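Structure provided below as structure tokens; questions to follow.
Think of it as A, B, C, D and E in the order they're written, each chain with its own count starting at 1.
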Amino acid sequence: SIGLSTPVTTMDPHFHNLTPNNSIAKHIFETLVHQDEQQALKPGLAESWRAVDSTTWEIKLRKNVRWHDGTPFTAEDVLSTLKRIPNVPNSPASFAIYMRPIVDAKAADPHTVILKTREAHPLLPNDLATIHIIPKKAEAMSTPDFNSGKAVIGTGPYKFAEYVSGDRVVLTVNDKYWGPKPAFAKVRFRMITNSAARVAALLAGDVQMIEAVPTADIENLRKDKRVSLASVVSNRIIYLHLDSGREKNSPFVTDAAGKPMEANPLRDARVRKAISKLIDRNAIASRIMEGEAKPAGQFLPETFHGTSRKLTPDKYDPEGAKKLLAEAGYPNGFGLTLHTPNNRYVNDEKISQAVAQFLTRGGIPTKVEAMPSAVFFSRGSKLEFSFLLAGWGAGTGENSSPLRSLVSTFDPKLGNGAANRGRFSDAGVDALVQTALTTIDDTKRGIMLAAATEKAVGELMGVIPVHYEVSTWGVRKGLAYKARVDQYTLAHEVKTSK
Amino acid sequence: MTVYVLRRLAQTLLVLFVTSGLVFGGLYLVGDPVEILVNPQADQEERARTAAALGLDKPVLEQYGLFLKGMFAGDLGKSFVFGRPALEVILERMPATLELAFLAMLMSVGLGIPLGLYAGLYPDRKTSKAIMAGSILGFSLPTFWVGLLLIMVFAVQLGWLPSTGRGPTENVFGFSISIFSVEGLRYAFLPSLNLALFKLSLIIRLTRAQVREQALLDYIRFARAKGLPRSRVIGVHLLKNILIPLVTVIGLELGSVIAFAIVTESIFAWPGMGKLVIDSIFQLDRPVVVAYLLVVVFMFIMINLVVDVLYSALDPRVRIAEAK
Amino acid sequence: MKEFLSNRIAATGLAMLMVVIAIALFAPWISPQNPYDLGKLDLMDSRLEPGGKYLLGTDGQGRDMLSAIFYGLRVSLLVGAASGVIALTLGGLLGVLAAYVGGRFESILMRIVDIQLGFPAILVALILIAVLGKGVDKIIFALVCVQWAYYARTARSAALVERGKEYMEAARGLGLSRTRIVLKHLLPNASPPLIVVGTVQVAHAIALEATLSFLGLGLPATEPSLGLLIANGYEYLLSGKYWISMYPGVALLLTILAINLVGDQLRDQLNPRLSRA
Amino acid sequence: MFFHAGNENQRPLSPSPVLELSNVSKRFSKRLDAVEKFARRLGADVPEHTVHAVDRVSFGVARGEVVGLVGESGCGKSTLGRLACGLIEPSEGQVLYKGQRPAGTQRPQMIFQDPFASLNPRMRVEEIIGEAPVVHGFVSRSELKNYVSEMLEQVGLDPSYRRRYPHQFSGGQRARIGIARALAVKPDFLVCDEAVAALDVSIQAQVLNLFMDLRENLGLTYLFISHDLGVVRHLAQRVVVMYLGRVVESAPAAELFAAPNHPYTRALLAEVPRLERKRREFAPIKGEIPSPLAPPAGCHFHPRCPHATERCAREAPVLREIAPGRLSACHLNG
Amino acid sequence: MLEIENLVTEFATRDGIARAVNDVSFELKPKEILGVVGESGSGKSVLGYSMIGLVDPPGRVVSGSVRFEGRELIGLPEEEMRALRGKRIAMIFQDPMMTLNPVLSIETQMVETVFAHESFDRAKARKICLENLELVGIASPERRLKQYPHEFSGGMRQRVAIAIALLHRPALIIADEPTTALDVTVQGQILYEMQRLVRETGAALVWITHDLSVVAGFADSVAVMYAGRIVENGRTEDVLHSPRHPYTRSLLDSVPANNIGQVRLRQIPGMTPSLARLPAGCSFRERCGHADAQCSSMPEMKTSVRCHHPLC
């Protein structure tokens, strides 16, 4: 048994693009391109892929792969999948975004697929790593068909056995799987959303593995002989977004005495830098996160593609900050309210409190206002805040994702800056990101992305990175799990250890 | 009586209508579901697509109009999260909640009334004082805290009972029920105890207070003068006279135990409606929340109707107001 | 009063309650630290064990637990008492009135009660937070919202019984006004279950506030109540850092114990048959 | 006292009486529920319980008069008293007090038959008695204490009982509290429903004397419900006799006691126990006692009447004037 | 059959200890009817409760003995007492509204009394109940059985209570003002039935009342109570026709029948003293026309009267 932290809401792999759903889907279905625990691309149902020219990709499919019902896997299945994805009715979060660059898909032969993109799209393989392939006959199946299990036929290491909404998913091993055999014949995923209860279930032995071990229990579990932990720095950054869009009358900026202030100091990069310097990231990582976080200086840990080698987390430097504030014309500081969700990220509200604590001490009296994400994100997107805390997980595993969504100029037409709730805007950054997005050459693209990051974060502080979350799994003694940056909990990756 | 019941049922429709409006308005004020549902990576186009797919791009009044139209056709809309009819999602979870509620009420009524009677009849005994003090424990600590404590003690430390989850289910008349097996009861015990504690205390205290009110009245003395056995004096004469407020509170608690097992269900990972609705509320899954509220309000109306009808059965002086 | 004190348990309860109220009133002067001032907290002192610099240890933010409990008591008492009193008054009155007036007024009121009862506190709190933001006043408002209906029904049921009794007829015969009959005759006689439900619900309000806080819908985390402290410390329960939630829990328990001991005695005294007179 | 013979819609002949009942009926019925109705459909014998507690009663009471109302237990005396005070609404007919429906402070005061049930168990005697006078403003709060003490003394209770609760009194003491409560609002009309039944004779004497004094000094009017004929005889100027919801006879007290007309009245007087009597044998009532649930046809009294004829079983006799100021409902009167 | 000796029952009140029954002694033989009369509040009801063991806190029987059929009732275990109550000793309470349970039908309340002591089948139990209702003059007993107390008039409730007390034909009946709410015809009927019962079953009857005229024609002997004590006790004729205690005398003087032709009834001057603050000595002293210095000590009960200056 495995204790999951968030409920699995559907068995339809294309219905709702959500980590827990995808995680379960990855047991039953497979993607053309796999990602390893570091999100590095690996052959999946596709043995290989290459860009024939800047807009054409040729994908060679694996032979001798069979669906759970015994029929062989072919290019037709891939085409059906691509056809179904944009057309799942009522989907609250579809996978269509990953398909949008593709303008045409053909089967060159039963085991080769040719994809054409509108313009150069270097990230196509990364996108493909999110798309679960379903058999042709499931193309017309509806979401309820999947939930009932009727349509749940994949090629993955596990077969569907049972799904009880809100309670559990049971899978049995697929003996004919082409890849390595999983260690367990039957897996029960139990949804235990309360984190303390999840830990208790692990300690009581009711489950053998849990995901998202709460930070409060890490220290204790580490000492506990019955369990062991597996952790990794994830692809999720916790950052602070500042209102750098409004010239004046930012809603929650006040002067040091708490009276409304017309000028918006947050527009000034020096002020943003000063705020960054006021935060003791090490203290947050060790005290609030109990070591389950790594101070961040950019969007993704350095191991990821497109990150900068030069950027390091800002040092805690109240003196330097004071100087910068004075330079910017705010020697006496000013007042802020930090808005934060309180049920979205690990310890989100506590981090905010700590940040506020540091800023207050550094001469910027800061209040914290926490709210559930249901309220937070709506208000945040309506730009009702001046200063907010949020997080970003780069699903594609590449630095282009945060660059494009967080610090590119808000532009619905291009799909840029969708999560840019501070309305940071810099033409230089935009240009670099835009070019990078159409550069097929990985090295060249990487350099451009790193440069953009250095400018957007290192220099201009479009967002203030705080830390990367560490994802931790707990397993009973005798089991081992290789922690994944994408936070998926994959039963077939659990090994028995001696 | 018949007229009365029929009138109440007619009022029910109106009540449901008002409820749906309130929830619609309330959730509209809370925030935009798209923000929550959509994958954070999504760009503006995908957001717009989601809004359109879920019908959230229309003005809210129009959405409400559409919903009402559906409601009269018996369709409460599809869950945003599950993509299935909201009512179906709820009804699927209902048996789990109902069995928990049933066990919890059984515990609290079955224990609470006798203990309350005892404490009320012998207010000066040590045992009674202990009962009363103990009952304070039952409601002074937050449920979630007590819940975890129960898990820690009975599952982690002692290992007697499973920590979380629901036991194996059997299909009984089309509902999956877990409490007909010993294994199922083992799973259900801690959560229902957790739920029952508060009600238990309340019922003990209420019973005691009512007993203290009534036990000295002349009709009790007369019943004793008739030579009735003590059990009958207490179990019939006394009990029936104190029952009206008790039945009210039991009805209310039954309703609340069904409707708001939220915390207990999430701590014990019990796959019931409460757990569903809290997720749905946080995800702004409006159709589920609306459908849930309609179901719950309907249930409260029914419970309260039964309780009101019971009043006149319990006390002939209470005539249900029937406008002439 | 003399009679009150003659009961040893009740006297202890009263003494406890006085202490609790005193602590709540004087928290700013007797606390070693102002737990609400973020600038005074030191993250590096977080989760220290009891003893040493901080008598009852510190929480995850480096907040002194003792001070936090003192301040939290203040908030919790305010929330519990204010919401309890308002909801009781409002619900009790409306319920009794419904029973007395009957007819359409009763129907409408009771249907509103039905609706209100069905609304989970979470939803009400969430809507309030979205519309009004967080704060003690909002949480009190939310608690009153979800609790008045409960009182209304309890009060109505008791009043329905009393309404049929002869002394009500006598009161009408004296030409007393409706308001007076409801307030002076019906309400006191319908009150025993209300008082029980009331004392329990005050505790419940405090616990509910804790639950809402636990779900992130309660008070601002920077101004913790006892409930919020318990909720915050909750996650440390399994990890051996018991003090973060145990001490506020004990404080809450003692407070509620005191309220109830006093409440029990008061109720018995309000009943002329039981008081030794 | 002003009577209108018969039970049809006649207006009273007299100069406006203070209290006037015309053709008043009160029925209590238990509605059948769905199941019972259905059972009746199927022919089952499910009776619809209707009690004619008061059946087309008309009479008036003039200012300053004392009218005694006597009758068998369960014949509707208390119900009539409640109707007179406007505590219940008549099913038919009209009750007028000073030309208006009794309401608010404009109504006779009632002293209830059941002393305990009519006292609010959570109020102290002081509040029970003093509440209404303070509310209606005849007494200020500061005078209240003295006023209540005065009232208590009037009914023969020690003023130190002021701060007690009703349950701490004996039956007779409770009855006196009820009387004090009614007197405290300075009524000009009192409906005394067995007001002295629970009192021992010495207190009874004291209270009756009080009633008489009040009548003399303040001109109070009384409707005095009692079955203690000795008391009625002593107090009342006129007596109305009820039987099973109907008035059967009414006459000036002296005349009635001297020469009762209606057979029921005669039976009543014959049964009155007397102090001077020696130990005696009691005799059972002859004939069956009729039920208000199923009153006999014709004259309600005929099953017990020694003079009953076949006509009595058929036809209800009308209340008719048999002598000036005397009315009786009996076929024997011709 | 019934011997009561020096019975004392006290209530703890705010003003102090109130002796509601103070040093009461009397005897009762089978078939004897004892009328207990006295001032309201003089402890008549409490005396009744003391005999049947139903004095509730804050009251308690402090001392004395109640012997019934040779058994001491004071201190008898509750279960044995219960077996006697309703079966051998029955009591009819004073306040008819409060004695019947308002939420149970008359049928339930009667049938359960039958079942408390007998194991008949239901039909037989019902039959007994119907007979007894008829006995006390309730018409349509079949239908009345289904009704609830509040649907009865005051007098009918009282009759129901009497019917319940008579169900088992007890050996001792304590009737606390059972006919105050009844008209004379019905009262006559009940007195008749009581007399018959006494004659046929040899029951003894304690008849608490203030209707002296009923006592006159009905009781064999009379006990007059004042402020918790029996002040005069004797054969009915003797007590009523030649009272020896001044209180009894005044009582008789107040009866309306003895005041015919007078506008005002004679009444006893002064006020009943509060039981918790009785004057020292004879309790009637302050209201008595014959009181002198001797009366400041408590008179003994001598030849049926407790008075220093018995009238002759």
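Everything that follows uses one rule, which is that a residue touches a chain if its C-beta (ideal position, glycine included) is under 8 Å from a C-beta of that chain, and two chains touch if they have at least 3 such contacts.
A quick note: this is a predicted structure, and the numbers were derived from the prediction, not measured.
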{"item": "Least step count from chain D to chain E, where 1 means the two chains touch", "value": "1"}
{"item": "Touching both chain B and chain D (chains)", "value": "C, E"}
{"item": "Intercentroid distance (Cα basis), chain D paired with chain C, Å", "value": "51"}
{"item": "Separation of mean Cα positions, chain C and chain B [Å, integer]", "value": "21"}
{"item": "Intercentroid distance (Cα basis), chain B paired with chain A, Å", "value": "38"}
{"item": "For chain A paired with chain E, centre-to-centre distance based on mean C-alpha positions, whole Å", "value": "89"}
{"item": "Where chain B touches two or more other chains at once, by residue number", "value": "30-31, 148, 152, 156, 216, 281-282, 315, 317"}
{"item": "Where chain C touches two or more other chains at once, by residue number", "value": "126, 130, 164-166, 215, 234, 237-238, 271, 273, 277"}
{"item": "Contacts with 2+ other chains: residues of chain A", "value": "196, 200, 203, 343, 372, 374-375"}
{"item": "Chain B-touching residues of chain C, taken from the complex the two chains share", "value": "9, 102-104, 106-107, 110-111, 113-115, 117-123, 126-127, 130-131, 150, 153-154, 156-158, 160-161, 163-165, 192-193, 195-197, 199-200, 203-204, 206-207, 210-211, 214-215, 227, 230-231, 234, 237-238, 245, 249, 252-253, 255-257, 260, 264, 267-268, 271, 273-274"}
{"item": "Touch list for chain E against partner chain D, complex", "value": "13, 15, 37-42, 44-45, 94-98, 137-140, 143-144, 147, 151-156, 158-159, 177, 180-189, 191-193, 195, 210-214, 216-218, 220, 236-237, 240, 250-252, 254-260, 263-268, 271-274, 277"}
{"item": "Chain B partner contacts - residues on chain A that touch it in the complex", "value": "7, 9-10, 12, 15-18, 89-94, 96-97, 100, 143-144, 147, 164-168, 190-194, 196-198, 200-201, 203-206, 343, 372-381, 392-393, 395-396, 401, 405, 412, 415-416, 418-419"}
{"item": "In the complex with chain A, residue positions of chain B that touch it", "value": "30-47, 49-50, 53-54, 78, 80-84, 89, 92-93, 96, 147-148, 151-152, 155-156, 159, 162-166, 266-269, 271-272, 275-276, 279, 281-284"}
{"item": "Sites on chain D touched by chain C in the complex", "value": "82, 85, 87, 104-107, 109-110, 112, 114, 117-124, 131-132, 135-136, 164-165, 167-168, 178, 181, 185"}
